[in-house]
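Scrolling down, you'll hit the structures one after another.
Below are two complexes that have chain A in common, paired first with chain B and then with chain C.
== the complex of A and B ==
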């Protein structure tokens, strides 16, 4: 029994040694394999794959906006630039090179057509009124709301309401107010007939400027009060400990700290000189009197009624306006940033 | 709390689901105008601009077309046709911009720059049904002939391209004018007597007093025989023959406690622009076409105007592209402004809201019609010939939908007043109308992709221009189509008083269309919308709203006219149209 068990033991040992050898072989092989394709390399591959996937995702996400930008901004504007140097023959439907003829006509009309002069004058007056009246009032109301003074929520809603109601609905309501309610009220007071504020030739422009400023209030207040709310409480508290009053706080702390927001509004406003149509189309459609026209309305109205052959002229006018607007906007931005209050 | 949130979430989801399902159902209904697609018939999509002329005519024509082809198969497995109507608001360049995505096969619209549409490849070639091998209208009940045969020479010259092709057919005719309440005129006897010195300032005293001959200069034999019974007879006897008589009539009407005139305050600039164009066309006659063709002899160019309004003419002048600006000094233009100055000379001549921005064209129509039941009646309305169709709901409202009610569209007598003449010498010369809306029917080029649809679309376009369809359109809209055709007695009997008076005027009038194929016109079409030709330089300001300026500042017609000439100089003309002049 013992003998048998000794033999068995020997055989078992041999088998165990063989098993170990095989196992060692595979282990060593595994180590070799793992050594040649170490985990370090596998990690790097995962990162590469992730990067590649991220890039594909990014490209796919950007594909649509980039295509849209290329098509509807670059291509359209490029087409507009090319169009400005062409003329169009309606009968044959052929575009041909016109050199600077369209630009010559634009400059001729700029200096000879009183409508253009009125448009320039009105556009500048509208901007100036917005600058002198609209911006300070919006800042002051925003400050009032920011300081949470009595009824600030009511003011906030009242002033912002015109911005969230549809532009057409607002203009209809305002038209009835200006054309029916006000004359009726004046008649009751003075016992004589009065023309509507929009149809009266002496009151129409002032009413339109008022409406434009009023309707733009909401956005201004939202942006300014938002910027004011981001002012650090510690700065305000420190100033208050130093005994600063509300007015001083407004001019010395609030305005300098929200100055970048004000600059943005003013710069956008400069560009708007050439595009703002003063809500003329909402009130009068294409029939507003020339004396009320702005650059924005002039271009919009003419584009609405244009035939193919009118587009080259309108394109060149758009380019001329851009040539004036771009440096002017950059200049205003530069001056405001250079000479504006410092946050230091 | 959690339960409440869950319930709130579920409720919100239910509300959204409801809204989405309702909207989708509504969209489906709206997409086909509430019509269910019949899978057993071939569909044809037809659009008609949602303007004053409405779409009742399309409904009626569609029904007859469907009936006509009810047993005909246009594609395998289907028999008959189903017209799916659409009534979009978009017109002109807006329509053209998106035409490639427009599913309508046949489109009836207005404000069409015809050659721009052709250049954009928006319209199918329809030469075969207008003048070619498939143009014979006999199959639809006409006694031979084709659509081209119903066009005037001026229309053919414009619509037929240089390679002898047609892409569109004129649609409805649009004329500005003065509508007068015949019931009121009869009741108050607002008619001129033949005897100017009858002791009543020249107006009739009794209904059967002999009346003046009116603008046509001819006494109406029917009127004389029936004692001026205008209950079913349309006639101009007793109506103002000249601008001065019109002003005299306004004075007389105002004196009777009636408001003589109303028009839309919101659209007054547009109304007067088009109305002055109409007055100018009436004065100029065929010469009015020179404003678009720039080719021919002008005999009405003003040399000077005396303080009393006497006009001195230049010798006949040959108009070419080079001197087209000369036409801005045409007498028709001056007299049109003169007429406007006259009717604005007293505030008693018009309604209070005629310059009020809130007063729409439909408000003006309503005020005109409803005034019948009010203390202060209104005698005349300045508007386009589509006004009656546009005011259909007002008539229905006033008559509770009863056609026999005295306030119904069928019962009320409102006439299209033949335009008075600028001078006595012109009385009897006949009226010239200008059709200014550039309306057109055409086949969307998309239809060419489907031969079945193209064939059907051509059949439909031909069908709506058959004699029966033209008459039906005229009866339903009270307005003529822009084609040459007759009206049967049977159809005339179905028309409203206004429709008959409009047709009478149209039938006897000369119609001038405001277009040509002159390159100067075609390459600057938007400049030659005639009403813009009244812009005047006054105090170094270009005034577009002439009527308001005259009303506010009492500027004379002569000043406005001289302002037009000061603005439209040879230098300006040369600068703007250099390429066409050289």
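== the complex of A and C ==
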């Protein structure tokens, strides 16, 4: 018992010393900061003191987040650019300057490698389907929830459910459902044997696009219905007094009023062309058919299986895509804001 | 006053943030106007209402039917997976749709047991390799998900607080950086990030990922920013007058007020990290998480004639905790989190 308390005491002393050191450090720091503000030095008022304390508090709290941001956003992206111009020697482990060699290879592959061509096609089709089918459905579903029609709470939970289910668990269940249960069911109905939806070459792509839209409503529904809920009741009431119909209300009141939210979603979504993996990795791991590949899948798969010597090539490919994606995103933002309904 | 903030806690919008009180006043006025209008137009309204009701029902009926179909199509594979996870291998081959053979106590509950005994990943440790079993993976999952979600949520909330409450120039810069980073689609920086993590010694350490995920970029920053803007300054000022420091105000006054939002965002982050297998697959080769293990086990032998019910049992073990968590907190998770347009 005594021994323990001794140890504790020692610990306490250590802690006190540490505390003292820290407070000394802050004191020195504050003296330094203080010294930099000569006009406030003499007779600092309570407000001046508070201002200075605020400044110190602000800087200290910002220290880690800003350092983290500088390392894992700015430095990572700069490094990505540098990496793209380098080559890596596997034997010596040395990075050397490679000029535009990586980019030449990227452009060559973009137009000649069948996987890249498939990726481009599939990514665009997937994005278009999301835009034409996914977004309008999400808007109509949100409208249903916003109008508090029967079972709207249940549907809201249901629509959000796929977003919280593990992608890998969901895709495993869906795989076996599509591969075993559905062909069996079709066999019972049509008395003819069918291929699995994912292993059949004709149905695989369609199934994957369907799956992406099918599980992809969650966040959109949340944001759209949230935005719809913040529409002022008086506007809706006034329109209803004028005898507006439900469809008319949707197009003339609801959509224009939540337009900023829709724009946000569409603008952020443009990057999806280059990052959407179409759940291929969950379904097939690194072994998906080349004809099913998308840009996102191609990049992740190759990074996951890559060695150091592949990183420069992958980085330069990322940069080429970023160079396409950034102006595209800004263009979409500009167009949507220019030609959309006015939000007043 | 307190009630008012309670109500607005989950209602987040970077646009409405500036004028919380004016908005609620406006709503009251609108309600009064509407009541007046109702009296005046009461006759006209009833006739309109009848006409409108007809329109409503057809459109909403169709939407309702689509939503019912959607819900069924979503629940069906999950329930099918649950049932099949209790079948023996032979039973699954012949009896795809029905309930498992025998009575509930004869069902193949041993599938779940064997998940813990046979799901394993060989991991290099020191000189040799050792096998990590499912229970250990669950532990890594908890470490990874709790740590990362806390780090991400805490840093986002602290930075949002500083930006929202301290009107320095730097705050404006941070806000702009977040918006720009959200719009700018940077593709393929993963190789560079891996290199950076290796250089800093973060690679293959769970704490390394905690630090990597402790950034403030993203949607949740905007959510917190809106919440902090909505908190009346009076609370903090009262504490300052009583001689509280900035840290005391932050942790004893501000965090208790926003604890609901904090908890919600952290829960959403937790679910995302728990389900994530792609990041651990790259960064944590020695600490496989449960989702990673599931990916490993299911994709390693996807097309061979392996034990499907056992894989489905593994899915259930990963899925059910999250599902319970979600259903328990669904009201809170899918409450009103909204964002408005992008402002620069």
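A few comments on the model shown:
Going forward, the second predicted complex is superposed on the first by the 300 of 344 C-alpha atoms of A that agree within 3 Å, B and C clash if a C-alpha of one lies under 4 Å from a C-alpha of the other, contacts with A are read in each partner's own complex, and residues count from 1 in each chain.
Heads up, the rule we're going with is that a residue touches a chain if its C-beta (ideal position, glycine included) is under 8 Å from a C-beta of that chain, and two chains touch if they have at least 3 such contacts.
Every value quoted in this text rests on a predicted model; they were computed, and no experiment measured them.
Looking at the shared chain after the overlay, A:309 reaches chain B, while chain C stays out of its contact range. In the overlay built on the shared chain, the residue A:274 is in contact with chain C alone; chain B does not reach it.
Within the superposed three-chain model, A:191 lies out of touch with both chain B and chain C [touch as defined at top]. By the document's definition of touching, of the two partners only chain B reaches A:201; chain C does not. After overlaying the two complexes on the shared chain, residue contacts for A:158 are found with chain C alone; chain B is out of touch.
Applying the stated contact rule after C-alpha superposition, one finds that A:150 touches chain C and leaves chain B untouched.
Applying the stated contact rule after C-alpha superposition, one finds that A:284 touches each of chain B and chain C. When the two complexes are overlaid, the chain among chain B and chain C that reaches more residues of chain A is C. Of the two partner chains placed by superposition, only chain C is touched by A:65; chain B is not. Overlap of the chain B and chain C contact sets on chain A: residues 175-176, 180, 199, 284-285, 287, 304, 306, 310. Chain C makes touch with chain A in their complex at residues 11, 13, 15-16, 26-27, 30-31, 33-34, 37, 41, 44-45, 48, 51-52, 55-56, 59-60, 63-64, 66-68, 70-71, 73-78, 80-81, 84, 96-97, 155, 158-159, 162, 166, 168, 170, 177, 181-196, 200, 211-212, 214-217, 240, 245-247, 271, 274-275, 277-278, 281-282, 291, 294-295, 298-300, 302-303, 308, 311-312, 315-316, 318-319, 322-323, 326-327, 330, 333-334, 336-342.
Residue ranges on chain A touching chain B, taken from their complex, read 87-91, 93, 98, 101, 104-105, 108-109, 112-115, 118, 175-176, 178-180, 193, 195-196, 198-199, 201, 283-285, 287, 289-291, 302, 304-310.
On the chain A side of its complex with chain C, the touching residues are 50, 53-54, 57-58, 61-62, 64-65, 68-69, 71-73, 75-77, 79-80, 83, 137, 140-141, 143-144, 147, 149-151, 154-162, 164-170, 172-177, 180-181, 184-185, 199, 214, 222-223, 226-227, 229-230, 232-234, 237-238, 240-241, 243-247, 259-261, 263-264, 267-268, 270-271, 274-275, 281-282, 284-285, 287, 295, 299-300, 303-304, 306, 310-311, 314-315, 317-319, 321-322, 325-326, 329-330, 333, 343. Of all residues in chain B, those touching chain A in their complex are 92-93, 113, 115-116, 118-120, 162, 265, 267, 269-270, 352, 355-358, 517, 519, 522-526, 529, 535, 537, 540-545, 548-549, 552, 572, 575-576, 578-579.
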